[in-house]
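Two complexes are shown next, each including chain A; its partner changes from chain B in the first to chain C in the second.
And now, the complex of A and B:
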């Protein structure tokens, strides 16, 4: 089992460090690089959600991120000590709306739910805990590989 | 008018890219008025990046400017598909078909 854990203040400037933390976990566990992107996305969306909305005035919560690989499943958990908030309670955006009717924003948590196999929220003591997991396919199971000409026209 | 999107379009990069989109749209007045965003080198997009594309598509629609994206990498394409953006914006296979098609602003 591979496991890593880190903790940062909930400030936007910490996002690159968290992304690097995820990428280091990914390469240490020898996981297929292309499949890191859905976790990078989930990490950014949930972390930025805490940064933008998750603090009492005048305080900066801490966010703890853990990553675990067990039997081909990666589980990422974000915990913060900000005010109680369940991001899964946010309304689902209308992805069928026309361009003129599409509101700006409200997509982040929706994307996470779509890109992960399972997402759950719990209030644990004074902390918000969001757990996300997804099965990672081995390289031999990947059906598509980018063709040499795709998108490379001069 | 052609704009190249590249690298990671995350929260930290979104403001600068939005400025580039706005500038490109302001300069896209020549006939046919059109902005193509080439995404061949775009490796990653989050909701902060999607937001910039949505703002640009709305601005283009109001101004009667054609707006199209092309050459999305599979992982970026997935984010556009899941969010429904590939239905409300012209997302084309490559730059050549974007130029050939010169699509009308989506309704």
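And now, the complex of A and C:
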């Protein structure tokens, strides 16, 4: 099992450092580079959500990020000590709306749900915890083999 | 790393990672182009919702003036993200040189 953990203040300027942290985990675990993008996106969306919406006045919460690889599943967890907020409670955007009816914003969490196999939120003590996981297919698994797709179509 | 500039044929060229730390700069650049039309994304490696916002705001502005964006050379992964967001319904997006 590969596991890494880091923690940063919830400031937008920390995003490149977090992305680098993810990329280092990815190479150390020898995961296929092409599949890093969905985790990079999920990390940015959830982190930026905390940056924009998740602080008590006059304070900067800390965000802890952990990454774990177990049996081909990557699980990424973000925890922050900001005010209670469940991003999964946000309304689903209408991605079929016409241009004129499209609001600016509101797509981030929706994209995370699309790109991950599982996303869950928990309030743990005084912390928000968002956990995301996705099966990563190794190059040795064929795209058409049943074992590579079982349980991923639901 | 993110770069945005005007190409020789007047197209906008983006390269690198259009993340939340770069999206304001990208929007400022596009706002400085009177009538952006073609945006070449051949060398764009990454986009998330902050980057999508740049395209949505710009498309609204350009459409209001009677034009429309055409995104060309969009790679498969970035195309998937545009598609998840339903942007293929509101912006002309081509995987090839179009």
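Observations, loosely collected:
Everything below uses one rule, namely that the second predicted complex is superposed on the first by the 139 of 154 C-alpha atoms of A that agree within 3 Å, B and C clash if a C-alpha of one lies under 4 Å from a C-alpha of the other, contacts with A are read in each partner's own complex, and residues count from 1 in each chain.
Everything that follows uses one rule, which is that a contact is a pair of C-beta atoms (placed from the backbone, for glycine too) under 8 Å apart; a residue touches a chain by one contact, two chains touch by 3 or more.
Everything numeric in this text was worked out from a predicted model, so none of it was measured.
Partners chain B and chain C, brought together by superposition on chain A, clash.
With both structures placed on the common chain, the touch criterion links A:8 to neither chain B nor chain C. Legend: residue contacts after superposition of the two complexes on their common chain; A:60 is shown touching neither chain B nor chain C. When the shared chain is aligned, chain B and chain C each come close enough to touch A:16. Of the two partner chains placed around the shared chain by superposition, neither chain B nor chain C is touched by A:29. In the superposed pair of complexes, A:90 makes contact with neither chain B nor chain C. Residues 12, 15-16, 19, 34, 37, 40-41, 44-45, 48, 95-100, 102, 104-105, 107-108, 110-111, 114-115 of chain A contact both chain B in one complex and chain C in the other. Chain A makes touch with chain B in their complex at residues 12, 15-16, 19, 34, 37-38, 40-41, 44-45, 48, 95-100, 102, 104-105, 107-108, 110-111, 114-115, 144, 146, 150-153. Interface residues of chain A, counted against chain C in their complex, comprise 12-13, 15-16, 19, 34, 37, 40-41, 44-45, 48, 95-100, 102, 104-105, 107-108, 110-111, 114-115. On chain C, the positions that touch chain A within their shared complex are 17, 19-21, 46, 48-50, 52-53, 56-57, 59-60, 63, 77, 81, 84-86, 89-90.
Considering their complex, residues 10-12, 39-40, 44, 46-48, 50-51, 54-55, 57-58, 61, 70-75, 78-79, 82-84, 87-89, 93-96, 106-107 of chain B touch chain A.
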